[in-house]
Each structure stands twice: as C-alpha cells, then as structure tokens.
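The two complexes that follow have chain A in common; it is paired with chain B in the first and with chain C in the second.
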Partner chain A sequence: MSQSSKYLKIFAFIYLIFLYAPALLLPIFSFNSSQIIAFPLTGFSTHWFKTLFYQETLHEALKNSLIIAVASSCLGTILGVFAARATTRYDFSGKQITLTFILAPLVLPEIIVGVALLIVLMQMGLSLNLWSVVLGHTLLITPFSILIMNSAFNNLDISLEEASLDLGETQFGTFQRVILPLVFPGIIASLLIGFTLSLDEFIIAFFLTGTETTLPVYIWSMLRFPKQLPTTMALGTVLLVVSLVLLSLSEYFRRRTAKSNASVE
Partner chain B sequence: MNKLVQVKNIYKTFAGLNAVDGVSLEIDQGQFFSLLGPSGCGKTTLLRLIAGFEKPSSGEVVIDNLHMEGVVPNQRPTNMVFQNYAIFPHLNVEQNVAYGLHKKRLSKVEKTKMINEVLDLVGLSGFNHRAASAMSGGQKQRVALARALILKPKVLLLDEPLSALDKKLREQMQLELRNLQRAVGITFILVTHDQEEALTMSDKVAVMFDGQVAQVATPRELYEKPISQKVASFIGAMNFIDGKVIDSKNVFTVESELWGTFTMTRSQMFGNPSKTFMTLGIRPERISIGTASKTDAASVSGIIKDAAYYGETTNYKIQYGTKGATLNVSEQNSFGQMGYQIGEEVQLKTDLESLIGFFD
Partner chain C sequence: MTSDSKKGWRLLSVPLVFSILLLAAPLTMMVLLSFWTQDYLVLDKTFTIKNYIEAFTQPVYQLLFSRSLTISLTVTFFTVLLAYPMAYFISFHGGDRKALWLFLITIPFWTSYLLRMFLWKVILGYNGVLNSFLLWLELITEPLTFILYNLNAVIIALTHGWAPFAILPIFVSLEKIDRSLLEASRDLGDGPFHQFFRVILPLSIPGVVGAALIIFIPTVGDYITPKLVGGTEGLMIANMIQVQFSKANNAPLAAALSVSSLMIVAFISIVFVLVNRRYLRKF
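== the complex of A and B ==
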C-alpha cells in the first residue's frame, strides 16, 4: 500500500467519526435512565420512548409534519417528473438557465429561501399555515426530484416510446403503458427522498408555519425545557431511524430504475 | 403491379444538411425491398420518414394510395422492427407481442389464438411467459417481428434488424426472414449496410450514398451491371482499369494496357459514353488463372504478388504490365491441390463479356 493511500484511509476514517459520532450520542442518551445528559451512563431504560406517547402537542406536530411531508413530496415529485421529462426529451431555448434556477434551492442557504418566502407571502396578504410550509418544502424537494427523475428518463430508451407509437398506441397511452412503469421506481425514490427532506426540515418550516408547528419546530421549542431533553432525544432517535430507513429504501428504488433500464441494452 | 409504397422527391434537412436529398422510390406490393448504403447515407432517415417518425422537409410518402402527410406513426399501415428491437423490458414475450392488440376489440380467446399463431410463425411457440430480461438477442429479434406482424401491417419496416447478431445466427435469420416474408406476403423494407445481406434477401435493392439513391435494381443486376464505380465498389469487389475508346460506331472499340484492343457493346457502358477516357471494371472471379500459353486478347501474363486463402476461394493479387499495376483475382479452390505460389508467373484469362465500362 502506498503512503498516500494510507493517509487517505485515516482521513476518511476520522471524517466519518466526526460526521456520525454526534448522531450516535442521540440513541445512547435516549436509552439512558438518567434525566441529565452526561456521562457516565446510569442504566438502560425505554422510559423516554414511552413518554412520547403522552405528549398531545407532539402528536399534533407529528400529524402536521406528515400532512406537509406527504403533500410536498407529491407536489415536488409531480413537478420533478414534468421538468425532467421536458429537459431530457425536448430542446428549447433557455433550457439550461431555467434548469439552473430550478436547481438553485439545492445550494441556496435555506434561511434566505425561508425569509424570501415569508416576505412574499406576507406581501400577498396570505396567512401562514400548513400550506405555506407545503409550498416552501415543494420548492426544496423539486430539485432533488428533478435530479432523480432525470437519470430515470435518461436511461429510458427513446425507441421504446417510438415502438409503442408504432404499435398503434397514443402518446398518452405510451406514457401510461411504457414510460410510467419504467420510471416508476424513480418516482418512488423521489417520493421517499421528498418525504424525508420535508419531515426533517426546520428553517423553512420555522419561518412559514403559523400557529401549527411541525415536528422539527416542536423539537426546537422543547429544547428550552431541560426536563424534556431525554424525551426530545428519544424523539430524535426515532426520527433518525425513520430517515435512514426511508433514504435506504429510496436508494434501493433509484438503483432499480438504473438496473431495469440497463437491461434494455 | 400495385405500387404499394411511393416516395416522391423527398428531402429531409437536419441542421442545414440534407440527410435525404431528393429521393424517389416505388415499392411493389409483396416485395422484399432493401435500402443499402454506408452509415450516414440517409437510409435510416428514409425508413423513419416512411414510418412517420420524421417529417419530410419537402416531398411526400404515399402508402396504398393514401397520402401520409400529417399521419402520425400510430395511424400508419406500417410497423417497424427497431435496430435494438425495443422490447418492453417490463413485459414478457406474450405481453410484448400483444401490445398493439390493446386497442382492438377482440375476445381473450381470439387474442390468445393470434398470439400463439404469430409466435409459431417466428419460432417462439411455448415462450409466452419468458421475461424480457431472459431473452437472447435472437429471441428479442423474433419477439420484435411477432409484435409487428400480429397487427398485419401493409408494410413492415426493418432497421438493421440483424446487425446485433453474431455471424452464424445472422445468416440463419437472413434465410428465416426471407421465408417469413414469402409466407406472410407483407411488403418488407429493410435497411442495411451489409451488401451481402441485401443481395441474399431482397427482390430489389436501392443503393444510397449521401442522401441520394444511386441505383435501384435486382440483386443480380446490381452485381453484374452496377451503374457507377461507387456502386460497383460498394457491392462486392471490383478491379478498375483505365481504358480508352478508339471507335464507337456500331460497337465500342476499346483499348487498355491489360487487354490490348477489343470490342464492347453499348449495354456494357454506363455514364456518358461520348468521352474518350473510361474506367473498365471486372469482378475478381471473372478472371481465371491458367498456365496456358497466349491464345487471344483476353489472355495476359502476370506475377502472383500475394495470396489469401479463404477456404472455398483464394484471392490473389497479381501484378501485370510494365507499370506495376495489380489485379485482384478470386479462384475457386480444388480439394487437395496447392494454389499458385507468390512469385509464380501465370496466364490470366478474362471473361470480357462481363466487363463494364464506366464514364463517371
């Protein structure tokens, strides 16, 4: 092994520790019996998870988050499917610049997006509620959806569409019978990613939510109460696990699109 | 005969370049017609114009006396077999074959009967439930054929359908396609860059270069009477030798370094025969090698420069005359006999009737 590749391995190892060690503290303390978040650990307990079932406001926040996550992932995916279809199949002037602007929220600081949306909504005289958060999250999810759907559509052989038309099917029928089934795993992947993103998103939700809070906003408000900290940790652990499961599922479906279309030759 | 497909002075321009540059063709009902040419000659574009996937820049396509302008592919009496077969990967053999029956009001029994008939026709009976991913190249090809034939199109369009198959399977499929076409009686239009494929399968071949049709003829005419040097060298091999017309009253009296002075008829001449200088063309197998002494003008001597053994034939490169020019000669091999050796001096006898004169 060469010297530089050894150092690279060490670097990668340290990098991963710094990235994931803090996240590991969450489950560790959520199973700790003590109310104080500090080492040494005092004993194993599932008590803090049980307390989650008795928090009315938490349940309300969870419900809000689920509504927002489902609505915005669906909206974002629908927009993503259309945009990806347009950019992969058609050439039009200003295509690149349009795409750049749609993808911008990927790199734009969320706080800027949040503040900007808040100002726009206030100027329009709209009240803040769950749907304003849905709009904000859709803006955030659409670029991810486009990237996923782009690769799904790019892998789709155009001659399959032509074959369908040639065999007497209409454009719409072709979309239904050939395109949709073949990009379906991509759609599932996009929905799952969108759902996860929305569920975990804090800044935009914080700015755009009215009186109804979402789960991350609820967690943030809970941090003011030291007594509630272990419960919050338990909630964080649940969110962490759910997010990881959803992202793994999404990756599985994303790879399946690539694979099923690759076998077309 | 009924002109089923008529292509009338069609142009197709892509980014300022004429992919199809003024093509007119007439294809008879029940014919196996091939569009042959090197890649980029516009043959596939022409096929896609007939299928309706491209709109002509000018000119028109008429199929069965119906003008195809504005008619979308799913409304045309044509079906296509794509180069990569375009088998729907999420459907099995039967579902792929039945794809186009979706819109037709047929009972389940009728559909099953049609599917099994067409699978039988292409040699895939019993494969109904095989998944697309489990099909070999040859099977995909058959499914693509079955899927198109089940709709009983007036014209079946085939875009290089055999190019992805290995040599053995390709030769087998050539025969099968030919027999299939005769059995169903549907007009086939095949696009290919393989001259052997075009010659063995077709009733008629259109040779295309640079978006234009150079010659439309039967395979035999194309091989024996190519109308230009370009066509002649694309279809098989041909030797080209400079010649000069010295008299053209009733017959053409021609002079060349190789054969001296001899006569040719008007039917052997292509291009504008009023010129003096011409190019003589002769196929390698129309020259035979012998050790006999000089008997007539067609017999000349040469030295073997190179020999390539092909099993049934040996191809020799033979130098003649004083300028070091060479001829390609193809000789049938006889069993157990050594061919001619490099450096050996031989007598060449030419079948002068098969000579062609090009004035292009």
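== the complex of A and C ==
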C-alpha cells in the first residue's frame, strides 16, 4: 500500500505541474523585459504593467465589463435566491424537472446559448448592447447561484422561521429579519462567484456585444497583435490576482454561512 | 393545490419565467430558424429540411462533426483518466490536507480561459517552452512539430482546461464511499487490486459519469481552443457555426448546425448514461 501511495504522490505532483504550467508562465512573461513571448528570459521589468495605464480602449472595455459583471451577478443572485428558497423550503411535484431546466446552462455548450440568444434578439429587431450581454450572463450565473444558495438554505433551521411566525412576524418580516441575515454570507459568495464568472466570459459577450467591447473581447482582439502580447500578459496577471482575491473572499463567506448556522443549532 | 406547492411555485416562477424567456424561447426560435432559408439578407419562412440535408451530407460539415466528437471524446477520456488517480490520492491519502489540495488544483483555473489557451500556443510552439526544454535536455535534436496547430494541440489544451471539472466530481464520489466497506472487503480477503476494482471503482462510477458528461457536452462546442491552437486541421464545429453566422450570412444553416450538434451530443450522453445505469441506480 505504501508503495502504491508513493507512486500516487509522484503522479499527483507531476499532474500539478501540468495544471500550473500555463498559469505560471503568465506572470513570468509579464515581468520579462522582452517583447517576444519566449525563453530565454531577457530581464526583469515592470514596463508592461505601466503601459496598461495608457490603453484607452482597455479602460473602456474594463468599464463595460464591470457594469456587466455587477448587473449580471446581482440579477443572477436574486434569481438564485428565489429558486433555492422555493426548492429547499417547499415540496411540490414538478420541482425537480423545473430546477433541472433552470440549471441547464451549466452544461449547455456556450456557443449554443450565444447563437440562440443572438437569433432571438435579431428576430425581435433589438439592437445589441451591454444589456444583451447582461441577460446572457445572468442566464449563466443563475445556476451557480442556485447551487451556492441551496447549500446556504439547506443549513437553515426551520424552527427559527416557525418561532418568528409564532411570535407574530409576517411572512415577509420573517424572511427579511430572520432568514436573509442567516443566508447573507451565501449571498455574498454567490455575488462574488457570479462577478468572477462574468468578468472572464468570452463567447456570449463576443456574440451579444454590439460595438462596445468587454475585457475578454478586448483580450481576444489583442492576441492577434504580437507587439501587444506582453501588455496582454500583464493584464492577465492583474486579472488572475483579482480573481484569486475575490474567490478567497467568496470561500471565506461560504464557510461563514456553514459556521454561523452550525452555531445557531 | 396545497399551500406548500402554491408558495413554492410562486417563488420558483420568477427564475422559471426568466429561463423560459432567455433559454426555452431562444432555443425554440433557433429550431424554427433552422427550418427556414436565407438568401443574403432576406429570410424565407417556408418550412424546409434543406439545411439539415446540407449539414449531414456536405463533406465539410461531416468532417467537422466527426472531428469535434473525436476531440471531445478523446479529451473526456484522458481528462477522466488523469483526474481519477489525483482524486483518489486526495481522498484516500490526503489526510487533513484535502482542502488544501483541492484549493491548489483550482487556483490555475482562475486565469482567464483565453489566456490559458493562448499560453498553450507559447508552450507547444516550434520555438516554444516545451521544445526548448527538450532540446536543452538533449532528448530531441529537432523541435517537435506535431504538437501545435493540429488536433493534438486542441486535445492537450482542453485536457488541461477541463481538469478541475473531472477531479471535483470524482473526488466527491470517492469521499462518499463508506470506509467500513473497504475494511469488510479486506477482512474477506481482497487484496488492494481486487478491492479497487470490485469495491472502490464501481462505487465511484457516478462521479466518473458526472465528470465525463460535464466535460464532453461543453467541449464539443468549444470555439476558443481550436481557433487559438488548432490551426486549420484542428478547427471544430463551433468555428463553422460562427462563420456561417457572421461572414457567410447564413443564420439558418448556423442554427441547423447548432441544433444538430446538440442532438448528437444529447444522443451520445443518453447512451452513455444508459450503459452505466447499473452503477447509477443505487444512488
């Protein structure tokens, strides 16, 4: 057994190197002074990070992406709260199949979702803008939010709700003053995950954005220009750090839901 | 209707209406459009299966369908094959560092998907990281050329890109296995080999099936990876759908290609689940 566990450990480390290879190259090349993305490295430089400040199209794309990410993570979380509350609190027929349908974007190829949305918007004669991307991203974020909120609501003790109703609170008052505070960390976790997903989503934004670009669409266009590559690497490094901070926060809040509910029990 | 189901439906109707408007309606519209034809900008709404005949008989589409399936089935196979021992290692030998291992695995995947796929081009290229490394080790005398701008490159990049989606479900199903079953099998005389193939593997099949579907279904429609590292011989059906939509101005054909790939994927997934139903039923 110890022999096989040793081999497994060696495999795990080699596999980990494979998993980290591209992500490690990103900061390496963004701090490399050469304009060519290749080894050997030429020297340390923060020049490419400084150039980020002078790219006006980048700033525009960043602003658009932030608007989209904030709007769609809020909408997705609201829808997620509704769905998760309905399915964890009440038992009714048709619940499972409805939920499966709402969760479908988790596995549907994004190109299909993008094409289908584009067809509808074109047929209705609507113009493409940031809001069409918001709708598409909300569709993608809602399932993730449902999964997070499901576990938050599942940890909830139903007797607290009954106690509040017995003490004369209205349904709405109970939701607002008892349930919501208890699942609040879950809501924050869902907002952060949704924000991160939206910020990195390319295909749907590529199909549904009109003349306004989002950050990934901007990166996509930059990848065609060899001269812009080091700057793009620097941008990628910044985005990686931002994602990691947001996800660590989200994980912290997700654990707090579990903990605070456990302490109530 | 009981009051519970009334309250439940009232809440669930909000996300349901949203999904009907933004998912069911667009998909229905896509199916409708696939039975129409378009001549430059004029849409002809007479019902015809012409687009489907084209999608299934034209060699170029046949090639793209079969290539997309080959790629995503290969990717699914290798990702699950590599992920299983990793998940097994974490679950059975992770000790109290399980959470740390899982965290370590997910970190690299929060790099932008676009840039990750682009960096594979940097790794696999003629003067790329891998070739320079192998040359430096003197393992090869000339740079390898079969690893970029073809199927292999797409397969390598996707096998990397989807790894956590295989590791996590398999890990969860391994964690669910009651450890006393392992003791029982050991007491009854099973060696490690028998124990794995007769107890652990069958019980973890739900995770494997889940992982396979989560990877297989979306990768068939991947657009970015073939475009960045696939060259011309690595292009997939999603690239054609996009071309038909934009440059070729043939939205009905694009819709027919989309619907066809969805049908093919659904068919294979259902067969796959049915083949494994023996293992899935217990859960």
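As a convention for this text, the second predicted complex is superposed on the first by the 264 of 265 C-alpha atoms of A that agree within 3 Å, B and C clash if a C-alpha of one lies under 4 Å from a C-alpha of the other, contacts with A are read in each partner's own complex, and residues count from 1 in each chain.
Note that in this section a contact is a pair of C-beta atoms (placed from the backbone, for glycine too) under 8 Å apart; a residue touches a chain by one contact, two chains touch by 3 or more.
What you are looking at is a predicted structure, and each value in this text was computed from that prediction instead of being measured.
Trainee: Look at where chain B and chain C land on chain A after superposing the complexes, then choose clash or fit.
Mentor: fit
Trainee: So, A:159: does it touch chain B (first), chain C (second), both, or neither?
Mentor: first
Trainee: Applying the document's definition of touch, where does A:194 land relative to chain B and chain C: first, second, both, or neither?
Mentor: In the superposed model, A:194 contacts neither chain B nor chain C.
Trainee: Where does A:167 make contact in the superposed view: on chain B (first), on chain C (second), on both, or on neither?
Mentor: After superposing on A, A:167 lies in contact with chain B but is clear of chain C.
Trainee: Is A:112 contacted by the first partner chain B, the second partner chain C, both or neither?
Mentor: second
Trainee: Residues of chain A touched by chain B versus by chain C: which partner has the larger set?
Mentor: C
Trainee: Draw lines from the C-alpha centre of chain A to the C-alpha centres of chain B and chain C: what angle do they form, to the nearest 10°?
Mentor: 100
Trainee: After the superposition on A, what does A:240 contact: first (chain B), second (chain C), both or neither?
Mentor: The answer is second: A:240 touches chain C but not chain B.
Trainee: After the superposition on A, what does A:186 contact: first (chain B), second (chain C), both or neither?
Mentor: A:186: touches no partner chain.
Trainee: After superposing the two complexes on chain A, what is the shortest C-alpha distance between chain B and chain C, in Å?
Mentor: The answer for the closest chain B-chain C C-alpha pair is 11 Å.
Trainee: Taking the complex as given, what residues does chain C use to touch chain A?
Mentor: Going through chain C, the ones touching chain A are 2, 4-5, 7-12, 14-16, 18-19, 22-27, 29-30, 33, 82, 85-86, 88-90, 92-93, 101, 104-105, 107-116, 118-120, 122-123, 125, 127-129, 132, 160, 163, 192, 213-214, 217-218, 220-224, 228, 238, 241-242, 245, 251, 254-255, 258, 261-262, 265.
Trainee: For chain B, which residues are in contact with chain A within the complex?
Mentor: Per the stated touch rule, the residues are 51, 53, 72-74, 78-80, 82-84, 86-90, 99-100, 102-103, 132-133, 147-148, 151.
Trainee: For the complex, which residues does chain A have touching chain B?
Mentor: 157, 159-160, 162-170, 173, 177-178, 181-182, 260-261, 263-265
Trainee: Under the touch definition given earlier, write down the residues of chain A that touch chain C in their complex.
Mentor: 1, 4-5, 8-9, 11-12, 15-16, 18-26, 29, 37-39, 79-80, 82-83, 85-87, 89-93, 95, 98-99, 101-102, 104-105, 107-113, 115-120, 122-123, 135-136, 138-139, 142, 146, 196, 200, 202-203, 216, 219-220, 223, 232-233, 236, 239-240, 243-244, 247
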